[in-house]
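In what comes next, chain A is part of two complexes: it sits with chain B in the first one and with chain C in the second one.
After this line comes the complex of A and B, so read on.
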């Protein structure tokens, strides 16, 4: 443990209004602390620069999965383990369950939360591509009130997002679809468990007589934010899948993403694998 | 001698303590008044120290601060050479070089203090690759950057090329690898001029630490005491590095007057301690049209890092293993260990052999293709047999049967059927399958005259209750040494396994049975345990208290009577080389090892052409290792070694930035998980070696040698791509596949 523990402060508000009051009084001073699976790693390495934290563990209305006729609503503190074990999510939102199952270790899955995964804002996070494909919305609360935002567009740049310093992310809403969509998820992390993605791909499409009616594609680890590949989507929508279309769309995707070289992989590898995953997804749709 | 325990999988001696959490590792040990220590390191690869600044906001008067000036004796970590300082005083030679030591009771404040120390360094040009070191543009060690060089000459290579129909050349590379023992390095020390220095720690070789502490403190042998705490794995990583951390803890203890504990966290352990030597091997091989080897010209170089440490010995093993288990009348090997400005590379399971075996076994698949033979047929035509000679001219006296090992490995892996099936199924498949193999050997024990120089000693002592304790410096590091020694002693004395225990290695109490390295513990030290036990029994027989064929009760009574009437009942045995072994250090020729373990490994792979990930999907390991003393432990050694070698082959990539490991975290240094490891099917052939206990040979390192070339040979079979370097990460495979397709934009 390289951190100097006495320098850190953790407050544990007993309910939401207490938590929001602290954030409202000193916006930006208190950083929310949920499962801690990202923050504790930084703390151990002596690299956690923020010093004051607000624990969300006692916020009961941040927990639980609610299924309504139109949507499934996940409390922000829903853990990866709760997600992967939820029967409703398994049947209607399998990509999210797969992402949860492939995130970190069992211990991480027991503690890590979906809300934390979103606001930690890592471009390599595994759940956000699935959330983007499912057209998720996020609920933000503060003393000023409650607002819902589409998750697409929530992240505006590396570690930047549309959340004010006095707001907390309370819930994630996944709209239920009447008709079945074909779905695809693949995390590429070199080892089968406890991996950080080199490329993560989620896709869903609605097919009608061999024509792509609806399509959503999202990728992680290939840009400063988890990215919805809207231009690639546009080139496919309304078309029949052919080898020529696949080649053209791979090219479009190549210009839409901006992978980098880092200690985990290379830009060239990420680019090529992202294109290959797109092709694999499209070929599955054509089948 | 009856084998009541040998050959049976008895319960591990320390197994219950470990699985119930009662075993005490160094970080579990605490003493009153103990303080913690940390190391402040350079951040520059090479340079001159201008000054050390202690930043504001830290109560420095509460700290013990040690620099090179505080060393009472010689500022060196004594090993083979004395080039590595314990603390840098003027020059920095790698980016993790220790410069300042700090101790304080509060280990969290200690971290704040570590961050507040600034070491001002005037940077000097540095060298980071084998090529740059060999180019000698910048000299960073000695006169020419060469830590050690060997020449091996058999026959006359230069004249032999004329007899070759085909000459095949190739260059092969292996990367650094972290040992990743479960328990990080750690040490506790107490030291003062009156009592001397005592350390407790996680280590493989108590007497190496002992040797290093003597000159550092200028103290005689009896004033230095080294005690092994329970040790959570070593793999070579705790062969030489514990001398460094012991020296640091002891210096802080000496100055503070308190017990000092230093335990590295994973991040420090990964970046600062030793790793496997990166290597570059060039082969030039002459072969006749019918596949007979006529000349082998081998040029190999390993990266030793900033100081000599064990590089000379690693290079020796790499050199001797570089021509493989093949007979060739003309062999020339030129090898060098060169210096770079990275932390010193060091001992790691296999110790140079995995690098060499990778090169020769990848290369032979290329040679086979050049003469239109299958990889197996080429090898069958050149396998070393009884009465033939190795590259160093060692005559093989064992009835080694490589073709038999190959047959068994192919049968167990269904090699031929799979090869045919994959050839049929691969076209059009997204996931390409392949199967490949390697045949190799691993010399057991120290090289050449090493064991004679070590002159190892083991003692056994009996109590009046008829219990027998084995006294040796050989350490239990998870491999099962305690269990095997107990099995051997119990069978030698004809008493039950439960009556044997193994003393905690403590240089104040046990004789020097040598380091726990080189696959020597069962074979060499185990043999001494047996001899010492037989000597003890003989003492009782000669004193008339026991007949030769005694019962356990008679043995117990005899011990009691002996101790009552004559005092201590103790016996010893000292190493004697097997007869007829000759080694010449000047010509680097002769009997390099007393014996070898021989093996054929078969790997099956699945290469995903979407993600360029190669996975090992099945693995068969067939080896001849003499007598198997403990089947479960032996299979465990093979499985663990194969798993570690799969990591080296496909996953574990040290990312270097200016001599520093940039991915020193387990999240970014991709060690395979259990989910990535295939079933590893282990088969033993037993051909007893007359000079090992009950015929046992060494096996600990063997499984590290063969998997990498077998896996890459399988990748070539799957994809047609001949990779020449490991780790074959997906990025490497992608570039190679793209190059082959000629399609990368």
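After this line comes the complex of A and C, so read on.
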């Protein structure tokens, strides 16, 4: 049932210091509100965890995409639409653009933000696998200062993150790579448009004379957090892709992920699809 | 009864006219438009951002108004279905929906027309895949979609569609 709207507050601070002061004064009381494409759905269902929300919409330094010689830095409020239309991201970080294009509808992509997708912390989110493959880092700000963390490890359990109650996620940094990597992204959902993933897979690899030199694999919807498959990666690194290696790595991945039955799919289906996506990715590398 | 917060004053440029309302900050823009501003052309379908019936243009971009809180719409430029026609002159999309049977029960139609107008504003000559992508966020339970698709193709052919924001 819809929440009783008059009981909910949404404050719209005009600048960062004002926002951080509100969070610092009552940590845990105010929940940051970005595009609202998840929180407003919870409002409709009467399942919001907070009564007070802090809109980030007027925080100018949370917006925009900055390209430097070493990295691309995305403001946390960069929308899915801004991501997929950014020429620099399209050429160097195509998995992120594909993830953005396959998340929700255009109306959702115009409101939903990359930072919101991260801190909403759904294990079924579509952009985090791409962020893990790109070795992203996240910037957290509070009245106490600024810190950067690797995104890998940021999620510590279901809906648990390394972010304090007085901190805001301000930016995401994607290091640029000089050498080209082969890249793969595939989302499997009930239908093509605006489905939530049953399984989502992102992979990137650097090949040299048929040998896998560098490899990164990440999956969504197969564990309590979006997962970097480090054991599967280790079994591939330094090797040539063969049918035997693919079979062995599928097995390792099967033990590394922990899919569940839920309203969208079953554990058995997710396991099979995750392994098949891995095989498809590896066969593309071998080509 | 729960403790209630104070209402806030917001103002939006709605179809070219400044409108203000006193609303709760987390009120849905959909309810502000329909209830406070009495523009009931925008419909509520699912209320959770899945169906697109409540779509409108906010600062030129299509959004589902059931997912936009009132406090964030303050100062925004809004275009609703009521602003798509110029007086008695229907837009190309609206005429095409009439000609091709793109509307049946009518609940999805305002959102479909807004989505089509947003698509054509960006791609005046979209391909089939672009039309399908442009309408993918809007659900219809009557038409089976084909007549809606045909309507958008017809609107492109007639070539006189303008974005409501450019009028």
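Rule of thumb we're sticking to: the second predicted complex is superposed on the first by the 286 of 287 C-alpha atoms of A that agree within 3 Å, B and C clash if a C-alpha of one lies under 4 Å from a C-alpha of the other, contacts with A are read in each partner's own complex, and residues count from 1 in each chain.
Throughout what follows, contacts are C-beta pairs under 8 Å (C-beta built on N, C-alpha and C of every residue); 3 or more make two chains touch, one makes a residue touch a chain.
Bear in mind that the values here come from a model prediction, so they are computed numbers and not experimental data.
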Determine, under the contact definition given at the top, whether A:57 touches first (chain B), second (chain C), both, or neither.
-> second
Should A:287 be classified as contacting the first partner (chain B), the second (chain C), both, or neither?
-> neither
Who does A:263 touch here: chain B (first), chain C (second), both, or neither?
-> first
Contacts of A:45 with chain B and chain C, given as first, second, both or neither = both
Which of chain B and chain C A:10 touches, first, second, both or neither | second
Touch check for A:194: first (chain B), second (chain C), both, or neither?
-> both
Looking at the overlay, does A:37 come into contact with chain B only (first), chain C only (second), both, or neither?
-> second
Look at A:255 in the shared chain and tell me whether it touches chain B only, chain C only, both, or neither; answer first, second, both or neither.
-> neither
What part of chain A is shared between its chain B contacts and its chain C contacts?
-> 2, 4-6, 41, 44-45, 192-194
Chain A touches which residues of chain C in the complex?
-> 2-5, 24-28, 47-50, 52, 55, 61-64, 66-69, 71-72, 74, 115, 118, 133-134, 136-138
Which residues of chain A touch chain C in the complex?
-> 2, 4-12, 33, 36-37, 40-41, 43-45, 53, 55, 57, 81, 104-108, 110-111, 192-194
Across the complex, what residues on chain B touch chain A?
-> 107-109, 111-112, 115, 265, 267, 430, 609-613, 651, 655, 662-663, 665-668, 670-676, 729-731, 734-735, 738, 744
If you look only at chain A, which of its residues touch chain B in the complex?
-> 1-6, 41, 44-46, 186, 188, 190-196, 198, 263-266, 268-269, 272-273, 276-277, 279-280
